[in-house]
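Both complexes shown next keep chain A, but they swap its partner, so chain B is in the first and chain C is in the second.
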Partner chain A sequence: MSIFISEPVKSKLYISHSSITLKKSRHEQIILDHPFNNNLDIFFPSIINSKKITSLFNNEFFYYKVDLPLSWFIERDFIRDYVKSGCVVALSLTEGIDIANVIALDSLGTLILNLTKDTYEELGLDGKSTKFGPDKQRFVVQIDLKEKSLIPGKKGYERIKWCFNNTLTKKFTFLISFVKSGTKKSSEIDFPSLFNAEKILGKFDFNNTFDNILIPDLNMIKNISNEFQWRLDAVEIYDWIGLASIQAQRIKSHDQVDPFISVYKPPEPYSNGNGSFIKYTGFIPSLTIKELFDSVSNFLREDASNNIPWAIINVWGFKDSPISWNKHEHGYFMNGENNYSFIVYNDGTYILYQALGTYDTYS
Partner chain B sequence: MSNLYSQLPRYIQNSQVAKNERPPPVSETTRKFVPNFVMGSIESTSKDPAKIYTAKVKDKVMLLDNPLKSSEEKKKRTILKKKVKTMSAKEKRQTRIYEIPKECHKYELFVPLHELWLQYIEELYGKSSPNIFGQKLLKADFHGAILTVSKSKCASYIGVTGIAIQETENMFKLITRDNNMKCIPKGHSIFTFRLRDHMFTLYGDQFRYRSAIRATKKFKNKPSIDL
Partner chain C sequence: MFYDLNLPYPTQPNLAQQQTELRKRVDLLIKFGYQVVAYNHTVTGKLDKANPIHKFETYNNSPDSPSGQQQKIEQLSRITVVIEDASQNYGLSSANSIISSYDIVAAQPTNEKIFQNVCGTLEVDIVSLEMGSRLPFYIKHGPVGLAIERGVYFEICYAPAIRDSASRRQLISNAQSLVRVTRGKNIIITSEAQRAMELRGPYDIVNLGTIMGMNQAMAKDCISTNCRAVVMHAITRRNTHRAVVSFEPVSSLKPNELWKVGSDKKNTGKTDFKGKSTVKRVRLSKDDEEEEEEENEVEISQDMELS
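So, the complex of A and B:
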């Protein structure tokens, strides 16, 4: 990593404004194109009965932690039973994308190998050098598992198989989840017993209330009247969303912190209120998030009288994932942010924030 | 497989020409005079003049004439030497004298060469430790070795295995098991081969000399930083 940075590195934040009801709305695509989701929370500006919440949002999901050799991914059975009949997503758990090899299988069935130079020079598959970091020190190899020509007997397939059996035989620890295209629910994967497969249920945390906080009036950014002003307000609101999601003391209504430490004030106008969270951690399939998004927007629409004008959905991607959205290359450098947040209003309008670190080609 | 240095065939040994071969004729006086003269002129302090004579003089050819001194004669000689005709590089290219014709790209054709190489390398290895053997390997000949490309900047070279049939300054030409000839540049590649259940690694970048020069070159320790 170079110490001589010529210009200050910038993280990116994209803000967009749209509505679910519009035909061109990208919200589904944004959710589905983001395959590696680590964390999710949903914030309501009111305390909701936990029983009600549980019944509404109990989307069960599970995933596996398993030691896999790469040759397993190109087996015909795996491609037929899982890749082509649903959505398999896998991500290797390694030291980090700056220093180690990261292998990922995205939702479109592309196996992405983000390799260090040493491994790439031993592997024997053609790749490209990464867009970020020192020149030609990391390489990306992409294999499309859904490609028609990837069948035993063909030259390309045999070469990949030979490489995975001879040069890169190491087992990687993967997080892997499978959603069947028919049921759209997390489904089982059969692993041979020597892979130490461990089934992990998604962690739900419904009983998360956060009372006596200062909640800004999000209706002020619901419509864009002055774009420049709107942008400033939206960024301020995003700050508040961040503080709310870590349940910071600074937004408590009785907070009296020394101004030497913090001079933070929630964006005006704000009012006193309570909040409640639903939290999910793990390896969350995008389809589950999409279903949650739909149920949140439905809940808001039906519950219009019930004093919940909006909700916030925050999603944090894995920082060390090799791609962010839709095969756009992703790196770490200073931070590996690839997060997004939705503010959903009860009439279907939403504001989308996409936060990305420096090393990302998405735009 | 026959031995590396086999004996002359029987029919040559028994031929009339061979039987007529005699040592060069020496006159009787010389035969008597020389030992006496030499042994007599050795100082009496040394213990056994006869032994010294057998070790240093007997059956040896010695130049008794004075070597050429005048520069004219030397010049003549060098001119004579220059007249020996060799092919120029261009001629070599045009006649394709070092190219291996396509019909000879067959693995079986080179298996005997490999067996020959195995004998040679075993002899070179002898009883030396792998460390010392490493030094010897620098100067060894690799025609006939089965080399594998284990690491390379170019992805498609990796994993190529074959008998090395030709070594040039920057190339190894390998013939693979499926009868293809592959030209692998030595630069940016690392080769391995197996011998006595040891894996030996050749760093191609450090190996970029013609094999004839490599045999006499003095190598210095140099780290391999990058391919």
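So, the complex of A and C:
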């Protein structure tokens, strides 16, 4: 007979309700504090002219895929030309944060090394054990590139440079993007040719309609009358948002599926409708996402005929990213979500869902 | 890092068919996301044949290429000695040249007395039990506690559960009793897959572990952290002298490791009149298993000149 041993931590979903018009609204901060974004999609509950979409939401972005040694990140030229004059974000492409070493550069200029025990012991820099996972098996080293004392000649800098030139000389494949301060668009980075830099344009999908679907009335969670009931309704709506984003058959109006497979029904009240999607894929800078968010909320507000009562913005983060929001440590246990979704109404009210995997310290 | 420390090595390795079968299994392991595999050669009775295991060149890491998805896996060799007779001396010590040609040593006891012996005295890394059928002895706290103290790990193979349903019941029941006795400590989960169909991905193994009585965090340790401990235990047993000191010539250092002998200073080594280097590097053991009593926890390397 086996005794059921419960899991140490569980996945979390945080739901918040606020309005863009309020001064203390955190929506901008949430978007900008989430540096590594993989996918974004925007859902409108009606069909919108694709020309209109292209004109309003065409925020082009690009990023680079390049093989870099870590010593490149601490060079004075890099720090002066890119880290201090804008927002550089980089994430290494490796096998997984519970398997291999992951290196990241976040939007505040901190180089984060999330290392296995063997790499950390050889590296020789000071770091802390990760808060999750088996005891003392992974370590995090953080180097603040914007720190004033990080200049050649100083002891700290020389030590880091020695380590990157001797103990951890391996090149990692990075996805890296740069937005110069002042502009709101992706800017170019100059790489030496031996690093095999590849510029990749962000992928868009504008012509995506999802018609004849059952859309629930989201106005029932627009205002909180009974908190307990609101919480239940909001979670049910989140399920529906997930089904909509994968364009599942289960929410089609004429779906007739064997009850053995699914008995799903959208939350009441629901009605027939059509929807359209805008999908972005790539290493999306958080500034681009903020621009898109502002475009969507302006579009909803200015839509005089009030045909479109709300829009949903879903953002997916990288499962192997070492941080989720604002330097909070993130890991991969059986899942590694750090996603968020906004439901934005045309009067500026929004509901924010933040889904976090098991190994995450954000709260 | 995910490990699979039991991939049966074909009995007739010269047959092309068996080689391709082995390659298929290794390719599937790479696809599932494993980083280390150990080829297992099972021996019953006397250890007289030489090590038949040949590691494939194509799966080796190239140290300079950037990290990312690559067709590579670390390969180790392992021997499992099936011990049937307690009185017979199996020569399980590092002095035995056949045993020392394998990276990992495992023992499979067949009765209670041998089980006691294996857990308490024999120099092995893994205790393997035939989980697919009824165990000929009960797993008791005494020998298990001894094994845990010595840093010896118990192995649960999951492929017998996939092969047929009778083994499945026995395996789950045996595994549950092992987990209960060891309280989830010192267990590794390996495949013992004879065909590629019997392999499963690491996260699936974690879920399988929950059926055996562990929680997901413990099960994940069984295929990552604990397996690493076994590999370290094996390296300590083979390469070090009483788990304290090991010697390596300076010439064995790779170019990017020359900092260990202070190559940035003008001191790469004095040579005597014969042209051989007389500077030897003494490396203190990196292993930090708490169970080993003779263990030295220091992890730094020092330059010492020995004449």
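Throughout what follows, the second predicted complex is superposed on the first by the 353 of 363 C-alpha atoms of A that agree within 3 Å, B and C clash if a C-alpha of one lies under 4 Å from a C-alpha of the other, contacts with A are read in each partner's own complex, and residues count from 1 in each chain.
Everything that follows uses one rule, which is that a contact is a pair of C-beta atoms (placed from the backbone, for glycine too) under 8 Å apart; a residue touches a chain by one contact, two chains touch by 3 or more.
Nothing here was measured: the structure is a model prediction, and the numbers come from that model.
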Clash-or-fit label for the pair chain B, chain C on chain A: clash
Partner chain(s) touched by A:E121 [first = chain B, second = chain C, both, neither]: both
Partner chain(s) touched by A:E302 [first = chain B, second = chain C, both, neither]: neither
Touched partner set for A:D211, first chain B, second chain C, both or neither: neither
Chain B versus chain C as contact partner of A:Q137, first or second or both or neither: second
First (chain B), second (chain C), both or neither touched by A:E60: neither
Between chain B and chain C, more extensive residue contact with chain A: C
Which of chain B and chain C A:E28 touches, first, second, both or neither: neither
Selected from 9-17, 171-179 or 189-197: the stretch of chain B that, after superposition, runs into chain C: 189-197
Doubly contacted chain A residues - partners chain C and chain B: 121, 166-167
Residue ranges of chain C in contact with chain A within the complex: 1-2, 33, 35, 63-69, 176, 179-180, 184, 203, 206, 212-218, 220-221, 224-225, 256, 259, 264, 286, 299
Chain C contact footprint on chain A (complex, rising order): 1-3, 5-8, 67, 92-96, 98-101, 116, 121, 134, 137, 166-167, 169-173, 333-334
In the complex with chain B, residue positions of chain A that touch it: 120-127, 162-163, 166-167
Sites on chain B touched by chain A in the complex: 150-153, 155-156, 158-159, 227
